[in-house]
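Down below are the structures I want you to see.
Presented sequentially are two complexes of subunit A, the first with subunit B as partner and the second with subunit C.
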Partner chain A sequence: MRIAICLKPVPDLATAYVSKSRGELVEQSKRVPNPADENAMALALSLRDGGEVAVFTVGDEAAPDALRPLLAMGADRAYLVDDEQAQGGDALADAKALAAAIRKAGDFDLVLCGASSLVHEVGQLGPRLAEALGLPHATRVTSAQVSGATVSFSRAGSLGEGSLSLPAVLTVEPGCNSPPLPNAITVMKAARKPIDSVSVEELALEPDQVGAAGAAVRLRLTQLPEP
Partner chain B sequence: MDFTFTEEQQMLRDMTRKFMENEVKPLARQIDDEEKIPTELIAKMRDQGFFGIPFGEEYGGVGAGEMGYCVVLEEMGRGSASVVVLLAAHTSIGTMAIYLDGSEELKHKYLPALCSGEKIAAFALTEQGAGSDAAAIATTAVPDGDDYVINGSKLYISNGDIADVITVFAVTDKSLGVRGGVSALVVESSMPGFSRGPKERKMGIRGAGTCELFFKDVRVPKSNVIGKVGMGFLTAMKTLDCGRLSLGAACVGAAKECIDLCINHASQRVQFGEPIIKKQAIQWMLADMAAETFAMESMAYRGAWMYDQGMKTSREAAAIKMFCSETLDRIVDRAVQIHGGLGYMAEYPIEMFYRDSRINRIFEGTNEVQRMVIASELSRKGRY
Partner chain C sequence: MTEDSTAQELMAAYGISLEEETAEEYRGLLVVAEGQQGQVSEASLAALGVGRDLADAFGARLEVLLLGAGEDQAPGLISRGADAVLLPQAPAAYQAQAWLAALVSAVQTRRPEVVLLAGTDITRDLAPRAAQCLDTGLIGGAQELRAEADERLVVGIVPLYGGRLLGEFACPVRRPQFIALAEKVGRVPSEDRWRTGEVVHLPA
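Our next item is the complex of A and B:
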């Protein structure tokens, strides 16, 4: 199985805080993997059957901080769309960039990502990614099995069960499994695994399709609810 | 100067911290009460690769060097000093002696199993009559054919209760004294004539096993000598230098954990109408603790960096061990005071940190010995 994981580097909420005066989240330490993407990684490891797991992300120079933990968990390689033009995008823009990067890296049987990100919890990336790739998708998957060219899965709550023909996109419910803790040896090996840098030009995308220019949503204000 | 940790070191830190939070901290009180680290936890530590952190990959180690090892020990120091001692006695003295001075044959014979944690190591130097005066050891190793026959006993040996592989220092030629007459040998616990005493009951680090070891006509092949015959004392001193560096890092972890616990408590404890963290007396204690911890952290990692660069670090290691152990004692004392009565009660971890800290000024060479090492080098060099 060749499995692609889409990772969103997110702020470390243990140390970040919301600035009232600036109306934005202020980060104080390095980016971390979106927790639901770690659950997606755990699912990928259970399904890989000796194949390959590659991680894709759109990010800047802080992104490798979030990529390396997934490499330490067992991913084989990573691809980072770190072009400045790709920064600041929303789910629509990022889905286009990630879909292009995945297509460029070859054929994948399964594309997984977290069902939602820790910070905004919009949950749009997976469905938009599936549309960009022209693949069927299912959201909020809690467990899955592959048999031949079919993936069967259970979904969160009362969403029930289903199956799709491969290749397909699944979004993975946060907290549905226990991502493995890397050990000291895999941590050291992760530092040597390749992170390929990919530009917007290499992806044959126009600047207005990605990044802030390609976003349909503009973030105006971040604030905490009044107590 | 680049003071940042590498990506690998940061990932080792994150991994160890998660392990401590999820696996060790919940058991810290049980480990202290029952005076035992559960075998299941040791197995999980093995799975995490904790037993081979500084050693080369060619021997089955993780290859993270002294810096990586100090990062791991710092994070472990936040959770359980007993677990720290299990790991440190195994790694930075028990196994390290073989790693530093063993022949390639000896290293390949023992290091893979030690690095994986399949076997646990101990370092047996101290005796009834030879503590700070390590040169006064009386355990003998007498050549007999292809073997040495060891007779004697060792006292207060960390991991003595569970060690499979023990680095033992014994007199091979009394006439030569400590320079030329002491050798280091690898003894396996399965060798006939080896036995252990009961576990000592201790003030702190109660989960780490400490006991007496007995050698009665223990036959050890000559190929198990570490380095050259008669050079054992140098091996001991080199190995202890290494162990002292990382003890500082463990003290840093304990100090940081105490500070975090104090901030948390002082932010919630209301007296005289406001949280006590607003009181200057508490603030000044916290400020002193933080400044001292910064000093400990700075010297511990500088020492580890120097070691990984291949620089001589005997004086620095002694200074780190001495300063960090004494500073941690002050920090844990203030931590008890900030917590007031709660700091004295067993329902809260502060009193464990207080009791666990005290040994740091004694083992790995007492702080008086550390001062001897520093003063001796200053005198020899004639300057700082």
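Our next item is the complex of A and C:
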């Protein structure tokens, strides 16, 4: 099976703190993988049956810090849309960039991402990606099996069990499985796995579709919650 | 149509185009109401209450797209603030593709400036895909909304990093502005039986 994982690099909340004076999060260490994306990676490893697992992300020079742990978990390669024009996008813009990168990298049987992120608790990327790729999708998957050209799954929440024909997009519920921990050997191997840089031009996307220029939703400000 | 067709392909087949329109041509609010066992859910009624407050702030009309329940639910929606109840051709039980096509089609024909949804498993599945199809923004998990009537903008306040911070989000240009509420936001409005409204059967 060829499986694509979409990764969101997120702040390391173990070390970040909220600045009361600035009303924003101050990061103090490297970016880390969004935990639900690690659960997606663990699901991919259980389904890969040989095949290939590739990680895709839109990010800047901080992104490889979050990509290497997934390579250490067992992904074969990564694609990073690090073009400046692709930065600062919202879910609408990022879904277009990621869908284009995934299509360019070839046919995948499954596309997985986290159902939610540490940043916003309600995930949008998975269903958006599915629409951009023209694939069916299911959200909040907790476990899945593939038989022939069908993926069957259980979901958290009220939607229960289901199945879809491949290729399909699944979003994976945080905490539903145990991602493997890296060790010295897997980390060393990960350092040698390729992270390919991808430009907006290579993706045949117009600059106004991606990044800040392509974003529909803007974060106007952040503030502390009322005590 | 294979089962893998996107909403765009479905709409092209039905002759509904997706060309861009300017923000001025989008007016009014659309609240998406879900039925469970034939009854409109409490979460949807609470979203209707939030929507009515926004519509009043904008001086705008509010329509409810009713999925998963029948015409018998319309009077209760009208008495709680809907100016119209839209009944799409869609199965009563959630089917991702059919409900998506119904939502996208309703937006294309009714042209709301805001689409408001409760925060449920179904809307988490449905709303982002509809927003992508319509090339617009979605503010998800909003615990509070604020109307900026002059700009005809809805600002959504969303908890970030597990509630350590609150973010204010807006969708200034693209239309409609999709907003999904966090769970347990708003309360079921009381009924005003003097309110009137229409019931509209949407074409397939």
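Convention: the second predicted complex is superposed on the first by the 226 of 227 C-alpha atoms of A that agree within 3 Å, B and C clash if a C-alpha of one lies under 4 Å from a C-alpha of the other, contacts with A are read in each partner's own complex, and residues count from 1 in each chain.
In the analysis below, a residue touches a chain if its C-beta (ideal position, glycine included) is under 8 Å from a C-beta of that chain, and two chains touch if they have at least 3 such contacts.
Just so we're clear, the structure is a prediction, and the values are computed from it rather than from any experiment.
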Identify the partner contact of A:Gly123: answer first if only subunit B is touched, second if only subunit C is, both if each is, neither if none is. second
Contacts of A:Val18 with subunit B and subunit C, given as first, second, both or neither: second
Contacts of A:Pro64 with subunit B and subunit C, given as first, second, both or neither: first
Which of the two, subunit B or subunit C, is in touch with more residues of subunit A? C
After superposition on the shared chain, which partner residues are touched by A:Ala72: those of subunit B (first), subunit C (second), both, or neither? first
Just checking: does A:Leu181 make contact with subunit B only, subunit C only, both, or neither of them? Give me first, second, both or neither. first
Partner chain in contact with A:Val151 - subunit B first, subunit C second, else both or neither: neither
Mind pulling up the subunit A residues that touch subunit C in the complex? 11, 13, 16, 18, 23-25, 90-92, 95, 118-128, 130-132, 134-140, 155, 157-159, 165, 215-225
Which residues, counting only subunit B, touch subunit A once they are in their complex? 6-8, 10-12, 14-15, 18-19, 22, 47-50, 52-53, 57, 62-64, 68, 72
For subunit C, which residues are in contact with subunit A within the complex? 3-7, 9, 94, 96-97, 119-122, 124-129, 131-133, 135-141, 155, 158-174, 180, 182
What part of subunit A is in contact with subunit B in the complex they form? 30, 64-65, 68-69, 72, 181-185, 187-188, 190-191
